[in-house]
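You will see subunit A twice below: alongside subunit B first, and alongside subunit C after that.
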Partner chain A sequence: MVRSGAGVAERVTRAQRGDRVGDSPVRPDGAQKTRGEFAFSSDLWMDAMLWGKTLRSPHVAARIRSIDTGPALAMPGVRAVVTAADVPGRPTFGLELPDQPVFASDVVRYHGEPVAAVAADHPEAARAAALAIVVDYEPLVPLVDPEAAIDAAPIHPDGNVFRHLVVRHGELGASGDVVVEGNYEVGMQDQAFLGPESGLAVPAEDGGVDLYVATQWLHVDRDQVAASLGLPADRVRLHLAGVGGAFGGREDVSLQIHLCMLALRAGRPVKMVYARDESFFGHVHRHPARLWYRHHATRDGDLVKVEARIVLDGGAYLSSSNAVLSNAVCFAPGPYRVPNALIEGYAVRTNNPPCGAMRGFGAVQVCFGHEAQMDKLAAALSVDPVELRLRNALERYDRLVTGQVLTGAVPVREVIRAAASHPLPVPQDPAGTMMALPGGAGATADPVHVRRGVGFAASMKNIAYSEGFDDFATARLRLEAGADGEPIATLTVATAEVGQGFVTLAQQIVREELGVGRVVLAPASTAEIGSAGSSSASRQTWMSGGACQLACATLRSELIVRAAELWECAAAQCLFDDGEVVRVETGERLLVRDLLVPAPLETTEEYHHRPTRALDADGQGDAHVSFMFAAHRAVVDVDPELGLLRVVQISTGQDVGRAINPVQVTGQIEGGVAQGIGLALMEEIVVSEGRVRNPSFTDYLLPTTLDMPDVVATVVEELEPDAPYGAKGVGEPPAISSGPAVLAAVRDATGLPVTRAPVRPQDIAYAWRGGA
Partner chain B sequence: MPPEEPLTGSAGPADTPAYERVEPYELVVNGTRMTVEDAWLGESLLFVLRERLGLPGAKNACEQGECGSCSVLLDDVVVCACLVLGVDAVGSRVETVEGLTASGEVADIQAALVEAGGVQCGFCTPGFVVALHDLLRRAPSADDMTVREALSGNLCRCTGYGRILEAVRAVQWQRGAGVSTGEGPGDGA
Partner chain C sequence: MRVARVALPTTVDEAVVALRDAPGAQLLAGGTDFCVEVNFGLRRPPAVVALRRVRELRRHAVTPETVVIGAGTTYADMGDPGLSSALPALAAAARTVGSPQVRNAGTLGGNVATASPAGDTLPLLAALDARVVLRGPSGERTASLGEVVTGVKTTSIGPDEVVVEVVVDRRPGPQQFVKVGTRNAMVIAIASAAVVVDVEAHEVRVALGSVAPVPVRATAAEVHIADAIDWRAAGGPRASEGALARFGELVAGAASPITDHRSTAEYRRLAVGVIARRALERCVARAA
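This part shows the complex of A and B:
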């Protein structure tokens, strides 16, 4: 089996192994998904399975005097009813701290908080039984104003202020020649992933439970479920079921504990699928924000100081509010050099719906503020807004307002120039189709009134978890010979594939490193492998990608050792070259397949990013691993009389480090832009006095094919020194400055201040009539 | 303000007699007669397909007619299966993504969606396959605005639609349908 380098005929060509880092192979699960054969968490099914249903509070705030489950238990087909009294272990859960009850016991703190759950033979039987549960509530006056919450009587034993964070940087007394000030507001956005929360819990013979569920992080769910079930972690096994999108909304536990409790109580498998209205109550949302800013600059346009006050409404429970606030404060100035800063942030508890992670968290909210301020400053200085941004753009080795020095790739100017340099779209054709006008099929806009505006925005965000958190990723790689002798690489990771395409990247990485064409991904499960961390914070390409790369490197070394043994030479005299081990002095070559004949190879590796530190009392510290930058230009047509808008084009430059799969990068950019446009123009959970008014896709509007403009993107590739392949994340930046660019374009078209996202038709139409 | 009803995650009021059992009935799905046993009166066609007939291809993103993830053909017309009662489909021909896949008639649409990067989480994808099949059959050379209008009832939260529209152009080009804009499958981005 020792073969010289001439054995060409038997070598698998690079083309066959193809699809490596930098190529754009198709998703391994793509074909299945188009055929309807891919099993999402709502597609699961088992013999004798029951259906679960949650009973939720109709009140925003209330004391629970009593709960009578008797009438529900007496109904036909009902197999289990559980309430707070039945939680076997820890009565609470939570991502950062367990402050949220599994079921409300004595107090209800938000509209839709779970109170009980039922398992029955049919979903309708479960629904009817849930409605038959008698809960005696004593309604309380809800606390719904986040500003008032800071000093109000606590509505939870942990108090109302989740976190108060102040950044003090440089000379706090500094001031500029030119000062601009503004107040801004961001509404509550929903992740609105299309696959509803769903899962199947199966009681196991060992007294534990197997839960098949759509989530972003199996292990953190597992730990919370096990704690509340009072079971050791190894008896609670979470298996990733097909995930229909996530965007942060699956980072917190929703139905996981309820479902396991029902299955264990009933002794039968239980499936639960939230209807869309329940999904709106069942997961956390993007924090609404109130922002105040004051920017100081020299007459020449150099930023001198940024002052800001940020209040995030975290709703009833903590979720990831602390991390969201940290980002909001840290990135409050945007991607600009700011020598002096005083930034104060609050994340507070109210009786509004709980808020937590959503794509770009923290950075999204403040971007509406800092970018509106940059435009105001440009106007005050009579300079071009793009020029002002270029002038103040961060560079490598600059300091953030947290004191952290930027040591990685910082192509802020490049992304700004890229976004600004795409050709503008052709002007609106007055004789063109009605569909292309604001309002579209409504056929209401009068072309004569339609004005076009152009707006610009830039942004930055961190990658991975911050402030001291070690969100490592684990990968196991097994190399063995297939039936035909050709090597098969099997990769086991707990990485949640939520649609982002990590499964494709994982295959590309193994092919790149080992030259092995056949790469199989084993199912993700806590029973098989250690944590991969969360599929959030744009971190999996780097973190799970890094773990895969490490595992490949280990196996490459072992292949070299095996070859050296066969050749009876030193391992140092052998190289790994494109799927073969080469003996340098003789040119002899061994194929991976040959080296696997004695036995398969396997390794498990953990990848850790460099350590970070918590922010200190002045908000200073190296809190972050790395940063991504993006810029967006929006072209928007507005009919100000009617307040109707149509986004004509988004152009963008995005810093990705390196595009491991360019087509997938494009998909992330376009998808993120859609969510940014959504937040700017139409997406908002309307909450009044704590009550959610629009928990449906009828009333919560999402961008459709008719709302989406052309997206022209330039991907800026400047390799990130620490990152595997130099690749940063790509998921979040497109959702950050796209929305602020749209609002800037609306301001440009109308001359109105437009300080609120989403901007509603009435905001424009009333102001236009009043002011124009 | 609506009356304060306990929230259970379903829109219907408590007293809807939706859980009345019905006699077994027959549906013709993908050309095959199938018997629906043990069903309840209020079950949607979507629920019957997914939970009783083992055809989970049509998805359940909203169950109120807003997202198109449940698109199926009912006597050759695209409908939201979530808005049709199972029993109301008796006597009609139901075609699902599984049936269209088996017949091979959407193979090029499916391949183009994967190839163009129009599939991310994939939850919307079966609905898009059905809607696109219907559109391109009716209007093979539909221009961009017509395509957008035809697909505007299908929500996708992941892709921003760019790669999906790219896939449509690719299929039109491959099928040799002279698209009104006269463009080949260039990069829309």
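This part shows the complex of A and C:
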């Protein structure tokens, strides 16, 4: 990884002091995870626990005439069977609004919707019992076309249009000398985390329940579980179990309420682990999108107006569709200065699988559209696509189409230049191995069949929650002397470690602020601490990082007060310097360990980002906290006759504010690129007539090492004024413009339009045969 | 809970006896199909006869006339120098199967007995008119691959029969296996083709995978190209551009593919013609 920008020189000296902000310590759970010793939520175990199993609808849309649980209850080893009739509290749940039934009662609205759950002595008994439940369905004609859904008869009391959002910006009548138009389509991607949904619910003596579960946000789960159980929030305690990846797919409740209902009904601990196929039905996916765009520009290449229409298929229930649509509409033009815009977005309800959060959250889908449009425009103007992007790149103090003025770091030109400037890979070696060609191990191509293309794409996305949401984070820090007298800092946060490495950053931050080497992270639990907000939206480094930093600052002040008392001087005469308090006048020093002798210190702090506002009727308002920018250049080898591809290299520039842990930043970039090119090349939940056709890793294809290109990255470090350490999030941008860059490269290699992600072999091969 | 009984024979005969003695018993080789089906709840045998300890199944023998491949031969074993130089297309097919873990466990016998249209060893076996040797309580029988693999995941293997080995005649000349999938490794074939050129008999043998319920021979293409090739050309057999193109078309015509979630019938037909032609071009020069 190459690094450019402010703060680099400073870090050399920091690095000499060991694992602090800007260093790359090994993550505390790293060795366990690589050795296979880390306990994931699927490894939870308790004596005498039962096994839960969910019964799901085989129908896409149906009326439920009756449910007979009798045959299941009569089976040996079965301890509890629950249905909608047994939900003690609120019958529905949901992230934005509770519109999704805990169990379907009268109507089934998607393939795989939960209808009942069983707890039994053995997983096999639970599976057999679930199958023994008799459900009398009356199948209905499913509503599966998102365009048709807008005006179709409602399939839910809340209607079919989740949100209709229009951005009107500048002169709507404006037009340009050059106009390009296009339609684009994005398929349904899955988060495909490796650790399937799993958890263990334990009934408690107070009539409440303890739930150990892999999630992204303990407190929002807790509130939904408590509401449906009809229990006060403090009697529902959620504890974070080992999370095997998330990517947005664990923001929504999956098995949480079912498990707690079973445990309370059976009076015994109940464990549930989804198998891979069930996992595909158990969580929301990335919204499929249909996009229409029209770009206007002057003959010189200045953008004049962007018109767009975006339709997101939200599936059967709301989940976070409203917020995803907001992002899609806000970022529809991409990271460019656009004086006039008319952008209309719909998020609609259909009988397709529910969609919600996934890495990139609305910015991903529109990026396929706005970047294809920028290339079309460059072609129409006969200018270099990179030059066109540089010319229109956003700068600080520019306005977004929502009217929001960019007051933070906006290094769009820098990320574009960085991505464009890495050396191109060497041309393919005719004598090289076939494995390196499109088709890989299948040996489908010889070098003569292959053409190389280069494509470019840039993107932007917000950090943290938007439109007035106060997604604060909480941290408690305790400083005490260990047995050897040396200080130990214990940090308690409810931050979900989902693999992103917050556990590492938290230790780095405490070391940085207090100079205390030993930093322990207490387990994350709603019983111990307030909310951290979600591990999503690239927000935890900023938000939970900010809470940690605040807690450190408070304890630093208290250490100074203690020192001043000992020295009998004013606190203002004391400074905190790398683990010691210094008395300025005399140069006397006291170590943190000495100051902890009287008693440990402890504080709990909440960190809030600056307030944002909801978008108004014209889609205007300061809806976002901060923005991240990235650019990707893809080099792709294409076998057009067969439509097979091999991505050779991804070169990227990414705006990170500041790399708090450069190795982890690299990890996020490489992993995000894998997910981004996955969407461009192969990752798609195939849904026909509402039915999921490929709920397995046999048929939902993820990139393998033979599909993964070399990644060359430059991180651009321009400190973000508002952010702790100037650090922006880094998790999402690599997954946004990497895929669009790949499709641009395929267009470059073949001259074909390529308007759909993922691009399927037949899409290229038919068009090639037709054109050739 | 019902727990399956497991027999651990060390010879084929013991395996046959174990199958006969436990009604409903099923053979377990590498488990790469078997265990997937168990996980999906599609298979719950009351008894299992595990073949790992049957060493005679893992043998192979290369003679000047034939190659005999034990049913227990794994994909990793197919890369063995002796076996892969006699049957390079089998080694090529094996390299496309799954991941290293799957190649270390999965076996030829399991691929034949599973009889998937996408079974990657099957096209080459079909191209070579492989003979399958089976042993049951009443002794051994030999059947053609076509007699054994009767449809999509259906075979004529009896419930108490064990596939012992597969025998093919050696064909002097180049051979190729090519497979199309949407991913560059570890992918189920959308279309595949095995091409065997016999430079002595002046024959070309072509069989296709994943484009019909069972592996199919492209006989019209075979006849056409055997006629069209100049077998005695200096520098080896060669064919004209037009003849090669026609070969591709005839191969595509031999396919009867379906549309499913993995691909479309139209693409499978197109792709199988392209790859068969490319495979042949690696074996036979193009005449100027």
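Please note the rule applied: the second predicted complex is superposed on the first by the 755 of 772 C-alpha atoms of A that agree within 3 Å, B and C clash if a C-alpha of one lies under 4 Å from a C-alpha of the other, contacts with A are read in each partner's own complex, and residues count from 1 in each chain.
The criterion applied here is as follows: a residue touches a chain if its C-beta (ideal position, glycine included) is under 8 Å from a C-beta of that chain, and two chains touch if they have at least 3 such contacts.
Note that the structure is predicted; figures quoted are calculated from it, not measured.
In the superposition on chain A, A:L642 makes contact with subunit C only, while subunit B stays out of contact range. In the overlay built on the shared chain, the residue A:V663 is in contact with subunit B alone; subunit C does not reach it. Contacts of A:D158 after superposition: neither subunit B nor subunit C is touched.
In the superposition on chain A, A:T704 makes contact with both subunit B and subunit C. When the two complexes are overlaid on their common chain A, residue A:D384 makes contact with neither subunit B nor subunit C. In the superposed model, A:D446 lies in contact with subunit C only, and not with subunit B. Put simply, more of the residues of subunit A are touched by B, taking subunit B and subunit C as the two choices. Judged by the touch definition given at the top, the superposed model places A:H122 against both subunit B and subunit C. Shared-chain residue A:P438: touches subunit C; no touch with subunit B.
Contact with subunit B, but none with subunit C, is seen for A:T34 once the two complexes are overlaid on the shared chain.
Note: residues 122, 124-125, 127, 275, 277, 435, 441, 698, 703-706 of subunit A belong to the subunit B contact set and to the subunit C contact set alike, using the contact criterion stated above. For subunit C in complex with subunit A, the residues that touch the partner chain are 1, 39-41, 92, 95-96, 176-190, 192, 260-264, 266-267, 270-271, 274-275, 278, 282.
Across the complex, subunit A meets subunit B through its residues 24, 26-27, 29-40, 42-43, 45, 53-59, 111-112, 122-125, 127-128, 130-131, 133, 135, 191-196, 242-247, 273-278, 281-282, 433, 435-436, 441, 498-501, 663-664, 666-667, 669-675, 691, 696-698, 702-706, 708, 710-713.
By the touch criterion given at the top, residues 1, 4-12, 14, 18-19, 40, 42, 47, 50-51, 54-64, 66-67, 69, 96-98, 101, 109-111, 113-126, 129, 145, 147-149, 151-165, 188-189 of subunit B touch subunit A in their complex.
Residues of subunit A that touch subunit C in their complex: 122, 124-125, 127, 275, 277, 435, 438-446, 449, 641-644, 646, 681-682, 686, 688, 693-694, 698-699, 701, 703-707, 760-762, 765-766, 769.
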